[in-house]
């Protein structure tokens, strides 16, 4: 996007002051950050900050950060019907700045993937407006999980970018402004921040080194994109292995809904009794109703729908976006698929040597 | 898009006094799809109806909403009006703004507001109405009566009298049923055989009646007016058409030790037998379980003595297939088994008998030729104890016994007691009772005679224990009036066993898709208003298969069932109600939930081949509703989780449109 | 939410009535001029067993504050057994709604025969009062349907 | 009791394949990690030796797959755990597949771990796990080995197991268990004891997380409609997304209602929910209500049994008597 | 006051016994079957009736409650499943439960035994007196 990269001094905040820092941020603009749940599910989810909330250091939220720019449902337009008259109403109100705190490198990269869809012509004004008002504080991943494979897609979890990149150590939180907007907001927090010295810089650099070495040891570190890309349509499309890979797929939409880069949606009218809400909502290529038209569905079997999802991420999207894959290796689908089928298994399967009964 | 006309009726001042009818018509006019709206003094009058017909023609209306009195009053009227105007009668919806609005709301503003909402709901519904046409099916003019007891015989005779052919299927070798086993009948004390056997002969001689004895219904298909039935006629090893019923074989057969079921196994007959003297058909039958010839291939005495040459050891079961327009169940009853009641010592002593056994013991054609003798030693009993309510009126969850009152026991026990005292005045007769129930013409008088004229000792109380001891039966019971425990040394104890439906009724009900209650009595279509019909169209109920009854009641019900059958058979075709359930075969998954709740058995399943959207073919089990049988209750629509089942005239989307309009 | 001129809450109530008993009972209430609140709006169904739980939830979604279902007395169903199924289904549904925290007074099943005009009116009066006392339905509302 | 191991199942499958009794096997395929086992169809023993796995993470209920599998040629071998066998029977009751096309091998079960439970124990860097009796040893990247009690960390459905008895099989491996009652209604009863307000708050908190991914429905062996009402634009309730909080309740109440009396309480809905919503508490509420009001009924315990909501008794309690309010215990 | 106490005693008896006396249809089979009938002042069917009408005081004072052998014949044979013996047992328990109210102590039992006493009766006796 339009951020201007800046080079300024990294700041730090004692962890004992974290609560005060979050409070100050929430005063500046509505603040959303990962907080552990209090019901049956205690995992972290992005929550609007209120005093008393505790920032969760969980590696990743259950749902991705894309919700903030591309929510699951949103009203596009309302029609008010009275008798035989119809009035058209734009439901949007003026968008305000908001802060997203604790975004991981993978999720941050996903915004790039979404931008290429929603911000290219014709620009999606609903998305663009929210994107322009979101201030993002990213967080380096000190304890990557076994399901992480962001490095496969060239993402560095030690350099998470954003308006401000953050590093959490035992004692401190380091904040490194990456954009002017980031700088401006850090400037407003100066009471709570101190400057960093060479020891601090070394501490952060050590953390980055540590992250890098940890990434190398992860079980999925060797996963390769070699067999995939915009030019692999012919080799992959008719491969018989799609059948067995998709065999157990339940056709639920879990993978697409937890995915930070899935961006398919559908638009529908809801009759309220007084008129119509025209809203858009996430759709899933896993559903039999996906892109159904009057003539029927273009993809008739679950295998075809399953193939669509992975071909899109690994072939079609890169073909249209300078080779950029639309997967960021966050690992959410690995953890949540009811039958544990996922992009890693797909990639590994196609990376195996093909026996002679394999693809042509 | 429909072109809807709205007609608001004033009903004189009935509606107009509390509902602003002009405002209702005006509000309706602004609803989408409404192209015409008006109000008038009496919509149901000829002038009002003409107004509707004119409006339909002038504005090319496709749907009508009449805001008027209850649809229960004039829905039929306005449907006819629609038909006269040239649109489908089911394109009419009524908004009830009289009974459910103007008459119950005194406030004009509130009444008008509600009337407008009701009108809008009707408009919303009519938008989704579709033209419906009732289906037609032909009627096969032949009836089947299952069971040849007094109920079945009476029903068959009445139907035959009206000129329709009727078949009686009887599982025993002869018709006659339980009544043939009885001695005398209450409250007149005339002999059962004297009044029953002429009817049996009538049935045999009526050219419209075919008696298929020693046979059972095996399969029932089809629906009202068009039943297809398979009947298995068991091999009797005697050619029915040839046998003259002379009975010589039954005297010469060397196998003499076959328990005589007609006499409740109290004596024996031969392996070839005629159940009783007046059996119809009077044809011998061989019991294959005892016949030496059939078991070992050696004997053949009966064939040798039969001058008519009727014996046929090679005879096979025969399957008869027939079409019927109506079926009558007349499967009757049996006394329950009293062996479970240890305290009454039925299994321990031969001198504890059931009332039906008592009937045979006093019957001139019975095992003792009508002399009342103790089964154990053939002595004349001097003290007889009758115990009422054995197995009747038990708790619902009781392990033994029935919850209901068997209805006939009070009267036959009084009869038995009276007969004993009449024939053997030296006998002491005690009747233990809980209540004496005698609602019936001349019933209580009869019971009082037993007490007052014949000196039967009625004891309010119950027998707790019977112990056989030294050839006597020690009866211990309570006398609640005297507040003491009685100990009677009896010679004979007669148990008034509860009655239960015949065991063949349950599988038959399944075949007929007729419902049953928890006691296996057939359920009637309506307990008060349709007592002789089963909820399944075309299935009728006669006699005790529907509930305990005495003979006069059974005969009344039998004739009533016949009248219903005649009514049905006199029609050439049946016109259905078009508001029936319909299954979307693409959505149905054949789970059977709908068939489980259907009270009419209107739903069947078939395997059908489909070409699937992914171009494969697939055989799927799907539900089919028979519109001739469906009555349109809608139970299936809710039982169906996938929403494949919907109800014409009350479709899901129609009801939801009404909900939406009301809640707006 | 509907209010009258006194700014008093007026509940919206949907009453599903079976054609053979309860709808006729409602007609009888009319014949006898037995008043009950105009907040009650009746939908005619052939049998109470035609009422799908979806209709009830739909009513709440669309703004109803209470839903009452009336059918023939057990044993008197025109279709012999429909209301027995209704009884189980609605017992289950209402129990579930209450389990989710929906006020149990908002839902009711009542058996009203064709002869019970007075019972119909009294039942509706009572139900309307109970629902009114609860106030507007918040727990099963759909904000999009609010005006 | 004989412990059922991967080798025993492999041997059984191989011999059934070799004898031609079956031509394929529905089994568990090992994944990248310890917990991500995938259901798969194996057509030869060689593939099975390479990829088949069986351990304490094989919780997936295979019965629903039989609808699809039995459409194919030949017989399929399926391993049925007690839970799966109830679903198996229920599907047969509803005529959902041809019994003749299946060779069912019953296997005992003492509770299956699921991915989200172990992930909760070691959220980051879980590289492996082993089970040794009641000890579950988790190997982690950052915290070394973590040992926990297996029984204590079983998911709800197994902690409150309904039955250890395989109710349908052609052949049983190991010893069949008994129907148990591990207090499976305790949680429902606790919710019933709350006030309406508390219950509303509880469910609002839980259901508000729903993302309508439909995993609960799609995995559910009772949800086998050709087309779900929520996918059918003609049904009037179709929706793909939660656009209003009402729709959370609509979806889950209607879904629970549609499976009421047919749900075998296998707990798959809660297992697969990516948002960890305790969906089984909805189904168990219905089961609990049914048991208390209409007599004990376990869907799938007997093939061909009639589900309580398509059945009735004249003496059933009235609707108003069944609703259990705040603290409400029904007498 | 006294009335209230009796009413609560009545509730307690019903709860302890689990018996619903309203199920009784007054057939008298319990009394017809009772082997101890002649020993009793109140007979089984009267027990049921008295509990139903709330006449507990007379029952508590009556020796009849100790005459019941707990043979359970009435329970077995009652067509309505009323279970009179359970009711009697409950009334007896109400009387004997308070400390020191035992009608007879276990020590006294051996002296009362005789040769002809069936095993069942001894067991019944223990059931009766060892609450």
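Each chain carries a letter (A, B, C, D and E) given by its place in the written order, and its residues are counted from 1.
Throughout what follows, a contact is a pair of C-beta atoms (placed from the backbone, for glycine too) under 8 Å apart; a residue touches a chain by one contact, two chains touch by 3 or more.
Keep in mind the model is a prediction, meaning the values are calculated, not measured.
**Student:** Show me the overlap between the contact partners of chain A and those of chain D.
**Tutor:** B, C
**Student:** Which chains does chain A share as contact partners with chain B?
**Tutor:** The shared contacts of chain A and chain B, listed by label, come to C, D.
**Student:** Name the chain with the Cα centroid closest to the overall protein Cα centroid.
**Tutor:** Most central by this criterion: D.
**Student:** Would you identify the chain whose Cα-based centre sits farthest away from the centre of chain D?
**Tutor:** E
**Student:** Identify the chain pair with more contacting C-beta pairs: B-D or A-C.
**Tutor:** B-D
**Student:** What whole-Å value do you get for the distance between chain C and chain E if each is reduced to the mean of its CA atoms?
**Tutor:** Taking the mean C-alpha position of each chain, the two centres sit 49 Å apart.
**Student:** Quick one: chain A and chain E, Cα centre-to-centre, how many Å?
**Tutor:** 76
**Student:** Between chain B and chain E, tell me the centre distance in angstrom, where each centre is the average of that chain's C-alpha atoms.
**Tutor:** 46
**Student:** Between chain B and chain C, what distance separates the C-alpha centroids? Give it in angstrom.
**Tutor:** 34
**Student:** Spell out, as numbers or ranges, the residues of chain A touching 2 or more other chains.
**Tutor:** Residues 270, 273-274, 277.
**Student:** Where in chain D do residues touch at least two different other chains?
**Tutor:** As it turns out, chain D has residues touching two or more other chains at 202, 229, 236, 243, 309-311, 313-314.
**Student:** Give me the residue numbers in chain B that touch at least two other chains, ranges are fine.
**Tutor:** Within chain B, the residues that touch at least two other chains are 597, 639, 652, 656, 660, 663-664.
**Student:** Can you list every touching chain pair?
**Tutor:** Result for touching pairs of chains: A-B, A-C, A-D, B-C, B-D, B-E, C-D.
**Student:** Going by the contact rule at the top, pick out the chain C residues touching chain A in the complex.
**Tutor:** Listed in rising order, the residues are 62-63, 142, 144-145, 147.
**Student:** Hey, which residues of chain B end up touching chain E in the complex?
**Tutor:** Contact set of chain B toward chain E: 343, 389, 393-395, 397-398, 401, 432, 434, 460-465, 476-480, 483, 485-486.
**Student:** Flag every residue of chain C that touches chain D in the complex, lowest number first.
**Tutor:** Counting only chain C, the residues touching chain D are 53-54, 57-58, 60-61, 74-75, 81, 84-85, 87-104, 108-109, 139-144.
**Student:** In their complex, what parts of chain A are in touch with chain C?
**Tutor:** 270, 272-274, 277
**Student:** Which residues of chain B touch chain A in their complex?
**Tutor:** It comes out as residues 30-32, 613-615, 660-661, 663-664.
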